[in-house]
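Note that the chains are named A, B, C and D in the order they appear, and that numbering of residues resets to 1 at the start of each chain.
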Amino acid sequence: MRSAKIWSWIAFAAGMLYFFLPLIGMFEFSLRARRGEYSFDAYASVLGDPQFRATFGYSVLMALFTIIFGILLVVPTVFWVRLKLPRWRPVIEFITLLPLVIPPIVIVFGYIRLYNTSSWLPLTGTAMGTNLLLMFGYTMLALPYMYRAVDTGLRTIDVQTLTEAAQSLGAGWITILARLILPNVLVAVLSGAFLTFAIVIGEFVLAALLNRPAFGPYMVWMGANKAYEPAALAVIAFVVTWACMALIQLVTRLSAHTRAQQR
Amino acid sequence: MAFLEIARLEKSFGPLRVVRDFNLSVEQGEFISLLGPSGCGKTTVLRMVAGFETPDSGAIQIEGRNVVRQRPNARKIGMVFQAYALFPNLTVAQNVGFGLKVAGVPRREAEERVAEMLALIGLPDLGARYPFQLSGGQQQRVALARALAVRPRVLLLDEPLSALDAKIRVSLRTEIRTIQQRLGITTIFVTHDQEEALSMSDRIVVMNGGIAEQVGTPFEIYNQPTTKFVANFVGTISTLVAEVEDPAGGAVRVAGQTIRLPRPVEAPRGGRIGLALRPEALHLGAGDGRDTMLPATIADVQFLGSVIRLQLHTGGTTVALDTFNRPDMPPPRVGEHTQVSFAARDVIVLDS
Amino acid sequence: MAFLEIARLEKSFGPLRVVRDFNLSVEQGEFISLLGPSGCGKTTVLRMVAGFETPDSGAIQIEGRNVVRQRPNARKIGMVFQAYALFPNLTVAQNVGFGLKVAGVPRREAEERVAEMLALIGLPDLGARYPFQLSGGQQQRVALARALAVRPRVLLLDEPLSALDAKIRVSLRTEIRTIQQRLGITTIFVTHDQEEALSMSDRIVVMNGGIAEQVGTPFEIYNQPTTKFVANFVGTISTLVAEVEDPAGGAVRVAGQTIRLPRPVEAPRGGRIGLALRPEALHLGAGDGRDTMLPATIADVQFLGSVIRLQLHTGGTTVALDTFNRPDMPPPRVGEHTQVSFAARDVIVLDS
Amino acid sequence: MRSAKIWSWIAFAAGMLYFFLPLIGMFEFSLRARRGEYSFDAYASVLGDPQFRATFGYSVLMALFTIIFGILLVVPTVFWVRLKLPRWRPVIEFITLLPLVIPPIVIVFGYIRLYNTSSWLPLTGTAMGTNLLLMFGYTMLALPYMYRAVDTGLRTIDVQTLTEAAQSLGAGWITILARLILPNVLVAVLSGAFLTFAIVIGEFVLAALLNRPAFGPYMVWMGANKAYEPAALAVIAFVVTWACMALIQLVTRLSAHTRAQQR
């Protein structure tokens, strides 16, 4: 056991280095905007850039819409599949995995092709329509994570028996969904939402090819044209996602009944 | 008409006829067990009563009304599941009060009922706990309280003890039976464990292949099984092969001895029939009123605690014999020669 | 020196002393059960013998050699797990032959041994199946064959029957015991089920809180328990409270009657002691050599099959009484007044 | 049950439309290179482009290296964590999720910053070094999938008990890993490998910013500069990934002992 512990620490340290060395290097670099001393000039420059605020705000908004749409799509589907169509689970799971194997580029080309200004549904003709298209694309990219998160969440409870128990106590579908299913997958939904958020914030290809003012293209543009600001930007993006993750951990800890599942 | 009346119930899953022509009348306050091996249709009958399955044909009448078309949440039937099925996000008190809240019972009244139920199951202080903080036995008692809190017309128990440890299983079955009798609630209990069915029930329905093979009190089922399946599934039997000497007079011959059975035998003279004997009907050595005695050799000794089960070679076969442990007399040894006796009235004659 | 000798074994997990000063000598070919509630340390002892845990101190000697520092794969000890633990990617035959292949046994010899083992467990035709195609009972028999194929010096069984259904559990324990006796292999069996331990073992070690409370044959453990824990954990006891009349003469008084125990009592005159009685020691009505008779009321009747267990109110408490089922006499009813008798020699006197 | 079946078909059809409509549209478009009739001209043009062959070959090679590196990294780690450090599982799982929340852009900036020509380890100075860096980056991106796949694979077997059973039969660590663990996670490893392959083939940001001749940047460049070829390219990429997936399904079906787990 002793040696196992030492090895685990070494492995842990190696993992940390693997992930954090680039971050630390970047953070150090981002502080060097002023010659000869460390300063937050790069951060001030980034945060002061109206383009930053515009693109970041746009991406956050898109992320929120994507999350809401994703939850509405995924939670009832997963519940219904588990309850009534358990045999279909492999098929549904396969479908939700497709976005991982269809490169985003393919999706975008398909969208542009289908919904261009000369098509039957000219979504790309208006900014609103393109936003909608972008949201569909994001939902698709996030689907595997959202589905898996909710599915894993529902796996920890015996959906069928709990539903039947509630029914025999007189509860209808709405009561069952609201008082039993949702509270039990809340943490899972949050973690799915968080992953969605991270994906949308960092996504480049969809936004760039649909030509929307999102944060991903802005980051790439900065990377190509500035010296210290990209590093500051990356650190900011990392801190934001990290904060989200901590928030989820907190929520998980606070909900007493999930503690059993964590052991 | 009985309180709960099931008539000509049929159910198939695809090509498989799971329940066939099932009929049962349950009186108010009765404790009925559906006993049978897995796949015999007992759980499907229960789920049709609960409303989770719809019968292909037949009727289920509660208090004279057919409930077959009623949705499960309108039937006022309590159910306890093998897997406890407590709501993990609710405390024990919230679990027990769930049905009351759904039914719109005023808060104060609901709280009183919850406290009453928790007292009934002997866990008055655990209301604030979450299910994962309870042992399996406690969880199943909470599930029982939850089902009873809404005062259902019928209580359905779907193998509620199968997931528990041996010791808790035994103590909880006494507890369930006591609560059922105190409340006088009509109960249907599904189990594959014959000891549970025998010890808890007013009547037992032994099921096999979707059919109710025999319905009767535990005493009847055990001592007067009507089919080979029932005799074998409930309890242990040993079968001696006998040659019929006088069918009308009930005289048969085993290992050179003539036994006069108390009833005629339905087989021709010279035919062979099986004489089934329960292990407690056999006695080591001579015994009061045990008129038949056969030489035997001890083949195996199993010390089970209060009972010692012996396997003996006799009459060309192996029979099981139960005898009580006696602190002053160690059990016999394998290979010893002895005699077994039994009374003709204890013989169960099984039709081929 | 015994074949397997465990001496002064100690093991702690963090602050928890799981096994304390554990000593045991096992003769070659003996079947020893470690019996106790969960957390009593029985599995830890087994895992230390197997080599999966390292003792903090103490010795485990097999054939005179201390194996404590040996790695598990060098100990030549067979093990069967509760969870079967068959290798899912190998067929039954490959599973049974795994240890032989690892040991470099020539192919032809290994195949013969595998066939022999499959015949031993009564599954000669299932060699080509995969584990998932077998029932639980079959899987556990294959696990047994796999452990035995390498001809281990000691066979360790870690609750091998807990995951199985009641009927299969009973039949498999006979089968395991038969195979063990045929091969004459030294075996340690861990269980929390007293019936399993009583019916299978040559000797039982009853464990509690990391300590071996009593070691003895099933008959000794059941009839002469040395501690209150053993008396309660193995079998059922009822306790009558008695007042001591004559400590030296063993005379005590229960419900107005004087009982003369066969040995002196270690309590002052006028003190109270508990008289423990096994349910089969009590008899309804008068009985041969049962010198004490008390009036009683029937409180509960449990029809268990061959045995009917009654709970009776008598002498200010409730006692359990076992009687055999008789087809010609239905069990008594709750509320009936009757008498119970017992013999003074059957009383177990428990020190406080 | 009847109505449930109908609904499931409708849901299935909707899912199919959602995913396949873009594909079909694109496929139709890719055939229109020749005016007035359908032809495979665009495909011929793409497949004949030496740049296509060079970038695709490069990306396939990178994917293979990434897969091998990933398997060597992940399988022993997961096995060891499950066997000896079950308490560390949440931590390790958390670490493997990090790549999902650190945008690839951040990783690249970090790498460029750390390993540039003036740093202590000037990996970006040579093509080989940059390739190595790219592979590390890909491994990182694929880590969550690879880890989860293998972890899920090991979840279906009781690692500890099986290991102990094998040990008591005289087996050492190498026998256990080779004859028990690997065969039982083979399908999982393959599915992880496949996801890695799909990610590497479609990845844009890392390759573009490290300036390597990979397939992702080539696709984007084609998308910006040609009309019909990008559609053909997307169809080809899709077919390749799809073929991989079918292959995995086949392997899964063929291994008899995994059938039980699928039921």
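The definition used in the following text is that a residue touches a chain if its C-beta (ideal position, glycine included) is under 8 Å from a C-beta of that chain, and two chains touch if they have at least 3 such contacts.
Labels paired with UniProt names: A, D = Spermidine/putrescine transport system permease protein; B, C = Spermidine/putrescine transport system ATP-binding protein.
Because the structure is a prediction, the values reported are computed rather than measured.
In terms of the stated touch criterion, subunit A and subunit B have no partners in common. Separating the centre of subunit A from that of subunit D, both taken as means of CA atoms, is a distance of 19 Å.
One simple way to say how far apart two chains are is to compare their mean CA positions; for subunit B and subunit C this gives 26 Å.
For the pair subunit B and subunit D, the distance between C-alpha centroids works out to 55 Å. Not a single residue in subunit D touches at least two other chains. Chain contact topology: the protein chains form a single closed ring, every chain touching exactly two others.
Chain pairs that touch one another: A-B, A-D, B-C, C-D.
Here subunit B touches subunit A in the complex through residues 50-52, 71-79, 81, 83, 85, 87-90, 98-99, 102-103, 130-133, 143, 146-147, 150, 156, going by the rule given at the top. The residues of subunit A lying in touch with subunit B in their complex are 156-158, 161-162, 164-172, 175, 179-180, 183-184, 255-257, 259-261.
Subunit B makes touch with subunit C in their complex at residues 165-166, 174, 192-195, 198-199, 218-219, 222-224, 234-236, 278-281, 300, 302-307, 309, 322, 324-328, 330-331, 345-346. Of all the residues in subunit A, the ones that touch subunit D in their complex are 4, 7-8, 11-12, 15-16, 18-19, 21-23, 25-26, 29, 77, 80, 84-85, 88, 90-92, 95, 98-111, 113-114, 140, 145, 194-195, 198-199, 201-202, 204-205, 209, 216, 219-220, 223, 230-231, 234, 237-238, 241-242, 244-245, 262.
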